[in-house]
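Shared chain: chain A. Partners: chain B in the first complex, chain C in the second.
Up next is the complex of A and B:
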């Protein structure tokens, strides 16, 4: 089967090479059949890579350890749920996932534009296939997912325990979908520049894909944050890790593009800016992929130790140089058709929002790449931490949230000061009321958080007012009930009101970020059963220890050989709030030299976080059981020296019993984060708004338009 | 096993060749064998240029209709005064007419290049009606 998979990769490479040639030949000579053949090459690429993915997936599900990728990232003890997702835990598998998703999305984009933009699409096809050739080439020449070892090892290393988390099933595909979707506007942007067709049509063709890229990337980032909070033992959701930043940068430029493209659609302005944003977003998506795959980073997200850096640097260099050349050489065609009518207009608000988003991206770019460049030049490791990022990003985020409330209440083209005064009244009153209430409540010690709450209240006022006025206008015209009018309003103006819902979700998300980061209480310390500690307003009592052995009985369902945990009772002012069951899983090691017992539990120890709380507060805890305590260590040492491998579990059972009977003092990390739940709620609201905005117009409208167009054509023919 | 792998690979290659080569095979068939073929499709350059212009103008038209609708929405939700709205709406409708005036001959050119024939253009009044009619249909009036 591995041979078949590799043959599919070789065939994919040939298809890419042929498709690039056919598309370029077709568009240069005007021979449509070759352009069509090039487009079909993308479909064929998607089909062949689907077969390759299926081959690898079957190997994972069947524990076929002749495949090196399977042996390195899976094992018989890895639960089936995670085995299915282990394909993207390896460098090789994730490259295949990238190429596969790119081919699928590219096929969809080219299928939807098959009757339009022939010349732009032909160049775009060549670019997409160029990306395909690059990633398939990496697999063929550097990181073959179908490489085999004969004879196969009896057991695999197993999936990294940190990745045994439900969102890991969907986080990478979502993130990769976002990255790969970013390359579609890039390809069409290059196509538009090459074919010198930089009018509204190419923007219209790629708008949905740019939006889908934004949506997938955003959701992928949010899932990553949720994973970090729920799985990693540090109690945070965003650490300004280089790989996190790498995914955030194209999302920021993509957000800027989604706003500024409206100005080009409506006014024919900002053509240089828009095409530059599209090209930057595509390049940043590839740079994000490069950071994870080049081996230059030591991050939980990164696949270290690989040598894919040079090909990626070459690709990024070509993308940057080519983009600059194309924009500069086509600058005459990219001139704006109009100028801003007024500074008090939605166009101006969008421009300001674009500047803030790009500034945010620049700050993050500098903080992420400068240490890497500095390290490459000086040889000295350097990095910038969260305080550096916070210093610049917090004020920019405040402005961004404020602008997301300003934009919706200003009219396109021009607004009068009288109207603006009336429209800003409710949002400003909302913001000021929040300020007064928080001042009275004594929430004054964190000025940035206070400012964020006020800005968010401004946004709620602004968006709430928009929905109210829109519903009222619709009721006045159609005489519908308020819920029906609201539903009809959103249905008939999906982009506008979907966008407003996204703004609302972003404001909610930032409220969660500001509250949870500014008013967090954390405590760390050792407890014995029966002892208590305080964190914030909560008292946490260590009730009793817990333990389980063998992967089958792991309470966290992650396949750990030994799991040691605790039952904690959480109270607030004497009232029971919840019971927490944090645990730490000990996994098999791939080092048999550690001894028979240690090899079963000497792998990575992973904390399984426990949380309780609700909409207002979240009590988070992680446990670090002291497996090196003398009474436990004695059992391990004795087992290592006396027990054969097939009886090593006996020692682990003894160890678990000893932990339950005579638990050593155990370290607990306790964090109380206010409003952290609202980060996820805000994300879901934004995602929902994004889906509304992305959803196509009702087919009935299209059918009616088509019918009228046909009727007109018939009238014209009759006159002729 | 090796035989099965070779056979599977050959099947995949054959399917790929069939899919990718179909447009070229179709183009090499005699013209009369092709469904919907016409002599004009033998000048694809002109057809592509003309069709491209039509598509650009159609996109501009749709964007303009959306802009008209957005202005109405801004007016109904109190973001524009009556005077500003009237002025902006008149401007936008004028711009939409200009696009339609450019679209009409471009569509005719495109039809002629396609060999499907053209139709004589309507008068200004009819075009104004068209802005109204098309916008109503496409944007599903009323805006709210």
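Up next is the complex of A and C:
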């Protein structure tokens, strides 16, 4: 099977090489059949990589430990759900996922443009296959997912317990879909520049893909934040970690592009800017992938291997140099058709939004790559921490949210005073009312958070007003009921109103971020059963310890041998809020040298966070049980020296009982975050809005169906 | 002012603002950054009151807890100089003796104190393919 999988990769490499040659030859000589053949090789690549993916997936599901990747990231005891997802837990598997998703999305893009943009698409085909060849080449020469060991080990290492979280199934494919979708606008952008067809056609063709990239990447980032908050034992969702930043950067430039492309469509302006953003987004997506692969920067996320650094640096160098050359050499074609009429116009608002987004991206880029920059400049590796990022990103985020309220209501070309009064009265009143209410309520100690709440209220006012006016107009014209009119409004102009919903969601999300980061209460402390501590307005009482052992042969086995936890009672002003049960799972290690008992619990330790709360507050708890407490350590040490491996579990059971009977003082991490739920709600609203905007407009669908039936009728006539 | 001149002035102003902002960014990044040091470098170079980013491995047998304070020592990757630390705050799940950690430290008097919640654990085995020899032993 492994040989067959590897053969698929070799075949994929051949297909890429052929396809690049065919499409370039086709477009150079004008022989369409070759360009078409190049496009079909992308379909073939998708097919071959699908087979390769299936081979590896079957190996995972069948516990085929002759595959090194299977033995390293899965095991018989790994639950089936996680065995299926373990395919992208390894370096090799995730490279295959990358190449596979890229081939699928590229096929879709080329299929949808097969009758248009002949020259642009032919060059784009070559670029896409170039990416395909690069990633397949990495697998063939550096990190083969089909590498085997003979004889197979009897059991695998198992999936890293930290990755055993339901979003593991969708977070990586989402993020990688985002990354790979970023390369499609890049490929078409390069195609447009190479073929010197830089009109609005290619922008129209890739708009949907740029949007999909934005949507998937954003959703992937948000799922990562959710995973961090609800699985990792630190109570945060964003830590300015290098790998998090790497995924945020193309998302920011992608967001900028989605706005500025509207100016190109409407006014024929900003062509150089747009094509540069597209090229930058594609390059940043590859750099993001590189950061995770190369291990060049310290990150808790990064894969360990260092071997892939050089090929990636070469690819990124080629992408940057090529992009700059193409934009500079084609600059005459990229002249704007119009000039900016006024600084008070929608064009200006979009331009400002673009500058803020690019500035944000630059700040994050500088901070993320600072260890490399400082080493190059001063010879001393240094890094900047979250406070440095916050200093710049917080004010920029404020401006961004404010602009997301201004953009939708300001007039194109030149805003007049009357227009401004008509459109800005309600949003400004809404923002100021919020300011007054919060001042009265005493929320004044955090000026940035206060400013963010007011900006968000401004956005709610501006977007709410747009929906209200649109609905009222429809009601007046068609006499529909309010819900029907609202539905009809969104349906008629999905891109516009979907976009507004996204703005609404982003404002909700930022309210959550501002509130939860500024007004968070955190407390850490050791407690004994019966003792309690305060965190914010809440009282948390340690009721009693819990312990459970789940041996391997147990059906309910989730991977950890021993789990120690606590029952916590949470009250607010004497009212019971909830009973929580945080725990920590101790996993078996793969080092038998630790001792028979120690090795059963000496591997990873993973927190199981417990939370309660609703829309307004979230009480987050995690436990760090002291497994090294003297009375527990004695049992382990005694067991190590006396018990054979097959009886070592007895000592663990004894340890669990000792923990329940004489619980040592236990460390708890308690965090109360206000409005943290709003982040997830905001994300869902934005995602929903994004889907609405992305959905093909009914008129296009109808046009396509009509065109198809007309063609069928004509064919029928011709036959008759 | 003619339109062309106006545009030039605007462009120069915008570029000027961008340059000023970028310089501020660059200046603060160099002044706010914590130098990344290994334990042996830390012992040689540390000045009291300054923050450093310490990278190294947790020395086996050095971890013990006193109430909220976690004591452990960090040594160079190749062994050798070990720096004992007193740390308070959240301890990441993968923290274990023998594993690589990154922690912000400050020299206070003769001892080293880890900054609250600054501990990051790098798990070298995470995501990494074990060498084939290990596999065969497994």
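Please note the rule applied: the second predicted complex is superposed on the first by the 681 of 720 C-alpha atoms of A that agree within 3 Å, B and C clash if a C-alpha of one lies under 4 Å from a C-alpha of the other, contacts with A are read in each partner's own complex, and residues count from 1 in each chain.
As a working rule, a residue touches a chain if its C-beta (ideal position, glycine included) is under 8 Å from a C-beta of that chain, and two chains touch if they have at least 3 such contacts.
Everything quoted here is computed from the prediction, not taken from an experiment.
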**Prompt:** Fit or clash for chain B plus chain C once both are placed on chain A?
**Reply:** fit
**Asked** After superposition on the shared chain, which partner residues are touched by A:330: those of chain B (first), chain C (second), both, or neither?
**Response** neither
**Asked** Between chain B (first) and chain C (second), which, if any, makes contact with A:496: first, second, both or neither?
**Response** first
**Request:** Quick one: classify A:628 as touching chain B (first), chain C (second), both or neither.
**Result:** second
**Request:** May I ask you to decide whether A:388 touches chain B, chain C, both, or neither, giving the answer as first, second, both or neither?
**Result:** second
**Message:** Taking CA centres after the superposition, what's the angle at chain A between the directions to chain B and chain C, given in steps of 10 degrees?
**Reply:** 140
**Request:** Figure out whether A:160 sits in contact with chain B (first) or chain C (second), or with both, or with neither.
**Result:** second
**Complete:** Min C-alpha distance chain B to chain C after superposition on A, in Å, is 22
**Message:** Using the touch definition from the top, list the residues of chain C that touch chain A in their complex.
**Reply:** 3, 7, 21-22, 25-26, 28-30, 32-36, 53, 55, 63-65, 67-68, 88-94, 96, 102, 104, 117-118, 120-130, 132, 135-136, 138
**Message:** Quick check on the complex: what are the chain A residues that touch chain C?
**Reply:** 68-69, 71-72, 89-92, 149, 153, 155, 157, 160, 162, 232-235, 298, 300, 302-305, 339, 359, 362-363, 366-367, 370-371, 374, 377-378, 380-385, 387-388, 391-392, 524-526, 584, 590, 604-607, 624, 626, 628, 665, 667, 669
**Request:** Please give the residue numbers of chain B that touch chain A in the complex, ascending.
**Result:** 2, 5, 8-9, 12-13, 15-16, 19-24, 26-27, 44-45, 48, 51-52, 55-56, 58-60, 62-63, 66-67, 70-71, 73-74, 76-81, 84, 88, 117-120, 122, 130, 133-134, 137-138, 140, 142-144
**Residues on chain A engaged by chain B in the complex (per definition of touch)** = 1, 3-4, 7-8, 11, 15, 18-19, 22, 30-34, 36-37, 40-41, 43-44, 47-48, 51, 116-119, 197, 199-201, 203-204, 265-266, 409-416, 418-419, 422-423, 466, 469-470, 473-474, 477-478, 489, 492-493, 496, 697-698, 701, 704-705, 708, 712-713, 716-717, 719-720
